[in-house]
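In this document, chain identifiers A, B, C and D correspond to the written order of the chains, with residue numbering beginning at 1 in each.
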Amino acid sequence: MTELKIAADLIAAENDKRASALKSDYQALGESLSRRGIDIDAVTGKVAEFFVAVPSWGVGTGGTRFARFPGQGEPRGIFDKLDDCSVIHQLTRATPTVSLHIPWDKADVKELKAKGDALGLGFDAMNSNTFSDAPGQAHSYKYGSLSHTDAATRRQAIEHNLECIEIGRAIGSKALTVWIGDGSNFPGQSHFTRSFERYLVAMAEIYKALPDDWRLFSEHKMYEPAFYSTVVQDWGTNYLIANTLGPKAFCLVDLGHHAPNTNIEMIVARLIQFGKLGGFHFNDSKYGDDDLDAGAIEPYRLFLVFNELVDAEHRDVTGFHPAHMIDQSHNVTDPIESLISSANEIRRAYAQALLVDRNALDGYQQENDALMASETLKRAYRTDVEPILAAARQRAGGAIDPVATYRASGYRRKVARERPASSAGGGGIV
Amino acid sequence: MTELKIAADLIAAENDKRASALKSDYQALGESLSRRGIDIDAVTGKVAEFFVAVPSWGVGTGGTRFARFPGQGEPRGIFDKLDDCSVIHQLTRATPTVSLHIPWDKADVKELKAKGDALGLGFDAMNSNTFSDAPGQAHSYKYGSLSHTDAATRRQAIEHNLECIEIGRAIGSKALTVWIGDGSNFPGQSHFTRSFERYLVAMAEIYKALPDDWRLFSEHKMYEPAFYSTVVQDWGTNYLIANTLGPKAFCLVDLGHHAPNTNIEMIVARLIQFGKLGGFHFNDSKYGDDDLDAGAIEPYRLFLVFNELVDAEHRDVTGFHPAHMIDQSHNVTDPIESLISSANEIRRAYAQALLVDRNALDGYQQENDALMASETLKRAYRTDVEPILAAARQRAGGAIDPVATYRASGYRRKVARERPASSAGGGGIV
Amino acid sequence: MTELKIAADLIAAENDKRASALKSDYQALGESLSRRGIDIDAVTGKVAEFFVAVPSWGVGTGGTRFARFPGQGEPRGIFDKLDDCSVIHQLTRATPTVSLHIPWDKADVKELKAKGDALGLGFDAMNSNTFSDAPGQAHSYKYGSLSHTDAATRRQAIEHNLECIEIGRAIGSKALTVWIGDGSNFPGQSHFTRSFERYLVAMAEIYKALPDDWRLFSEHKMYEPAFYSTVVQDWGTNYLIANTLGPKAFCLVDLGHHAPNTNIEMIVARLIQFGKLGGFHFNDSKYGDDDLDAGAIEPYRLFLVFNELVDAEHRDVTGFHPAHMIDQSHNVTDPIESLISSANEIRRAYAQALLVDRNALDGYQQENDALMASETLKRAYRTDVEPILAAARQRAGGAIDPVATYRASGYRRKVARERPASSAGGGGIV
Amino acid sequence: MTELKIAADLIAAENDKRASALKSDYQALGESLSRRGIDIDAVTGKVAEFFVAVPSWGVGTGGTRFARFPGQGEPRGIFDKLDDCSVIHQLTRATPTVSLHIPWDKADVKELKAKGDALGLGFDAMNSNTFSDAPGQAHSYKYGSLSHTDAATRRQAIEHNLECIEIGRAIGSKALTVWIGDGSNFPGQSHFTRSFERYLVAMAEIYKALPDDWRLFSEHKMYEPAFYSTVVQDWGTNYLIANTLGPKAFCLVDLGHHAPNTNIEMIVARLIQFGKLGGFHFNDSKYGDDDLDAGAIEPYRLFLVFNELVDAEHRDVTGFHPAHMIDQSHNVTDPIESLISSANEIRRAYAQALLVDRNALDGYQQENDALMASETLKRAYRTDVEPILAAARQRAGGAIDPVATYRASGYRRKVARERPASSAGGGGIV
């Protein structure tokens, strides 16, 4: 029996307050959609089956190089983090899996598995960490990891990834995500080609150790922590990696890892076309890798990404099954609330994309009717699908209004009493 | 009696097809809004009184330095343009004024005025043109106009602006918009300070000639046509201009004239706070001054701009009455359709901004409840206000679905028969 | 015997004025370099053998969508253009070939060949044009060319490219450059995947027609003329094209076609590593595809690109022989002067890159000595190699100071008398 | 007598190795410059009198939100930091002052003063810190400081700034630099206008406490640590601050705090023109506020900034005396080496700007001779002024090659033995 962090009674009571309004809105939307030839229940059904993984590191308060301002009741370790993740899933019914970060989340694998089982949570892609030094580590990653000029450092980074696979195997994960901070801060510091050759050799070794039913996700990023060049800087390099490594290697797209003005949805389309879209790290951003809540800044962009995903489903693209994961930094909000909200926003974009009249769109595209093609997308996008999202949650036992219900539950106050305050960060790093 | 380019019967017939669905949607939305304490009819009433000027140059097909691909039935001159503008207003009831560009639209002022009266159109801000050379012009603007190193060229540019004021006076305009292309393509080409000093002196002369009830709008732009520096490059410089010139001088914000990633809504707020927001050139863009249809790329950004405007209304800011104008380039659509759609999108953003629960927002801001503050804006934004927009049009005699009605009218086919094909542009300018 | 547009006597007289100072500077630089273990004459020799093609369209005055301000004595057609190109080469001895643009430069191939021979000029890569409509063309490229939804339009675009190959064959070209403007201005307007599939099928047909000793260059560009999406938007897509087509297909890098902040030298390195660097369109830019003179805005970036090229030479990379071409728009300068200056700047970057102490750099890179690695590049970069460039020109019969010599020759005044003034452009396209 | 951290003998010995080559290079450069009408010794004299402050925080190893990789022998506190700063000045003779950061550098003011005196160092602008929480602080800056919604928090931030002034007074500083991290991560989180009003009121109070001979520098920044909006986001807002506060308030320009593609040298010119340029935080960047070593990424941009400064000197602008300070983060280099190199690069840009032929430039600007104007700047820029910089150092008792001399001194190894290793940072903040 699943251990529940929020009392089912509370959820029911909160839902009762909102059930009648939801019913009315849902019915009105259903009628309006039926005039457009859309069966609202079919959409709600698809939304209810759409899931996104939450990152274990996302339930702690994030920060910048200038400071970290801790929140109340921050998780003390992976078991607290899993508790917090279970709250998100219980209320949204959208996040049944958690993505771990090693070594941050290192623990006895049997206990991890048992805790996950108890909370009704599975484990999504494993994340290795070779962008910071763990205490006691023999070789520093200051000048790189998988692409380091020193063979022993590369070896250490490879071994760490192999260990991540082993942990993942034991807890039921099926994928490894590799993001490295390797790069340079000065022209000349690194040899672009030799660095990338070393990276490819190292990754080939990790790839070889991958179980047959696993996928390897490599993640590109334009800059940060390296400020002149990054080894895996964009989707072009990322594609070369996945293509060089083999059929189990795929590209991961983090929405915040691109140059200004980049058309990200087009990158998604290209990776789908060439069979190498592994999945997403969802978040939103205005300037750089701001790691803000999904949909908070440019919701239409998120919709356009989902428009590509639904289009690929619609065209029944072979082997298309991208992984959906959130990767955010919650600096000024309660992380649980941000993750609840983000999971909703991601489902919102999915629901809106499901409403696109694809036959009409095909026709407009074929006729180069740019205005009506645009309007076809906008029409789906501007539909207020909140009743669909709320109904999907409600029907699955979640909350009609998950943030309000979370606040009503007093969960944060409760854990704040149990978990000691963590220390503020920052200072000196300017 | 107003001359109508689209038969009233046709509009009525088209509206009849959609009236029942609209009624149903409007009622459902009304009920939903009333649960949020909002009176839908009050909102519809405000939307019906919100207007935006269309640019005379916008009804012709635009292009790029690479090519211009003409459309069918392009206007042959200002009188054709006014006909086209009247169609937009007739269907949307949102665009009762037209902004002229001199010398492109130069004509007998009495005829202009009479044509406007006949069509039920007024004249918005006058636009001078010193960024291209008119045939027979004595001095070229190749190296600048109001900031040119040569006094005679500056004089010519000043006189041109004075003439624009004269024309505007005669036809009922109340504002002059000055956008110059002055700048440089090479470091060293221009002396930043001397250029700006010359510009300020020239503008002071134009300002002096401004009628008492007019406003002078200066427009900033980061780059293009100058590719290294631009004399009026950003809102900082624009503010210095308005502040130097005097109380009738204001800053015009074109949404596409900023650096990548710029927070435009914040610039709007600053200009409101310091009493210098003149108004807008609405459009949308992804890369540079792309001049795409308003709301086509980042609709949430447009909403956030209107959120500032409605907030200023709400706070009853003294002297706050910004001018709303569209400035777009329609390269691949029927310009009339793009302007219809853009006027709707602008009203949409306004309507959404009216739905923001400002008391709740104030509270969240005061409490630093970032998540709920954001959610308060998103809730208003994601409301599908199309029924409000459609009802506002319908009640004012416009079309429930103005693009569909326009297509049904056959207007473009008709004018295509009357107006000879214009020639393709481009070639040689790469 | 080569037909000379600038009198050899004049060049000699101008050189005489500067020979003594050059000798002194060259000797001092030689001594300084010899202390760094570098033989100045060896560098001068390599520089003298470095060539870059000029674009035929570059000798006319360019413009923007707002206006084109013609210069004096603009070339009336390809034969005038070749005359102008010969002046550039005569003075710089750096630009022995011209790159043609079809249909702009269409002419009798025998006459073209004869004119080139007479002037001592060869023909570099051919450029097709499917981004604007030629008079009388059956199908418009308004909505695309090689990726158009309409098969007949694609066919026309393919045939045009085949014709370019035929013309090129007849005049001694060995490459075809394909840049298309295809893309979209609105989300939804184009289906990303289908567009790219159509493009690849069309390009495969062109590729099939390529002579065995030719190369096919595809060129990517982030945006403009399309403002929401571009079919060949970045090097990732460009690599996929070259890889799909076959061993004669390569990627062309135009320095101005990237997202803001992009590390272009790294893209160059990646394309070299994967055997797909075709060559360059050199220019400089600050904002978008500004097409300014090479080295005018960010000269260090140009150096860093050449650092990759010289490094590849140094490592003796198999099949490495990129094409060097200029692609610029000269809006405010005499195009001949800008091309002279640009050819010099490109050679300057090459000369500076030849001075990098690669053994030292290797050591610093291996040791992660970021500061000294950076300093090693900077030391080469800050060396004033003008004496080397001047000596290379002088020894080959060119001018020590080519711009001053050009001005002294009165060439522009002379052709201004012969060639009628061209008309100003712009107006209406805002 | 000044306490020297590097033995004078060592410097002399190292200089001896390089004196002959320097003499030769200096003489050759002198001859070449004299042909351009420039007296090299006059330039060397001006360079020798150009100074830049080093930031106390810059001698520690910086980091990112992902990790901090400590270096060896990191300073344990302000007194160690001052030792390190004295090394930089001893070798470069370019950095006689240090800029402190409070509370990081808080110490007994008499000891501070004595230590500075002993090392021959003065104190530049004071820096307050309200972007991170100090241990034991009553109110958190998580949601802002001078613009916080809570009056007590604003009060605390004001008091902190007043304390900085007091400390500064005691140690001989003459300026206060205020940079705040205040802003928001979500649309709606902050009210733009009210936040700025609160900021202005708070700053007015700080301004009031400023001694008569002090200056107040406010610093703008586009983003980070706030990722949606920043209270002092650009120079426009910064100008409004300085203008509102009064004649002792000026704008500080950090080169890394702007939007992509921004023409920073133009902002410098505007602030000079309107009497509000306070000074600089020098550094370099490619993507965001990368805080890389000055001149490492875009050295021509640094030159163009200095071109404005020297032009203002040349025009004898009233009240023009900007403060020169470095603000960098040294993540992968020895901070002392980076600061030595940066001080040199800043002097390099100054020296190059002194070489610009301003009469010739004026003429080209007046005649709109864009090519020769650009060439005039480029000619000065490409002059290798290293002999001038080295001679200026040598003549003042510094090192001809300061980095090599520093390495030869073994200073870092020595302090590494005395100072315990600091801990790695990062982890958890992703």
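Details
Here is the rule we use: contacts are C-beta pairs under 8 Å (C-beta built on N, C-alpha and C of every residue); 3 or more make two chains touch, one makes a residue touch a chain.
Bear in mind that the values here come from a model prediction, so they are computed numbers and not experimental data.
Common neighbours of subunit B and subunit C under the contact definition above: A, D. By number of C-beta pairs in contact, B-D leads when C-D and B-D are compared. The greatest centre-to-centre gap from subunit D, using C-alpha centroids, is found for B.
Centre-to-centre, using mean CA coordinates, subunit B is 42 Å away from subunit D. Computed from the mean C-alpha positions, the centre of subunit C lies at a distance of 39 Å from the centre of subunit D.
For subunit C, the set of residues touching two or more other chains reads 142-143, 184-187, 189, 222-223, 228, 260-261, 263, 286-287, 293, 296-297, 300, 332-333, 368, 370-371, 374. Residue ranges of subunit B in contact with subunit A, taken from their complex: 21, 24-25, 28-29, 31-32, 35, 260-261, 263, 286-287, 293, 295-301, 332-334, 337-338, 341, 348, 368, 370-372, 374-375, 378, 381-384, 386, 403. If you check the complex, the residues on subunit B that touch subunit C are 57, 60, 62-69, 101, 104, 131-135, 140-143, 181, 184-187, 189, 222-225, 227-228, 260, 285-288, 290-293, 296-297, 327, 329, 331-333, 424-430. Of all residues in subunit D, only 142-144, 149, 184-194, 196-197, 222-223, 228-229, 233-237, 239-240, 258-263, 265-267, 269-270, 272-274, 300, 304, 307-308, 311, 361-362, 364-368, 370-371, 373-374, 376-377 touch subunit B in the complex they form.
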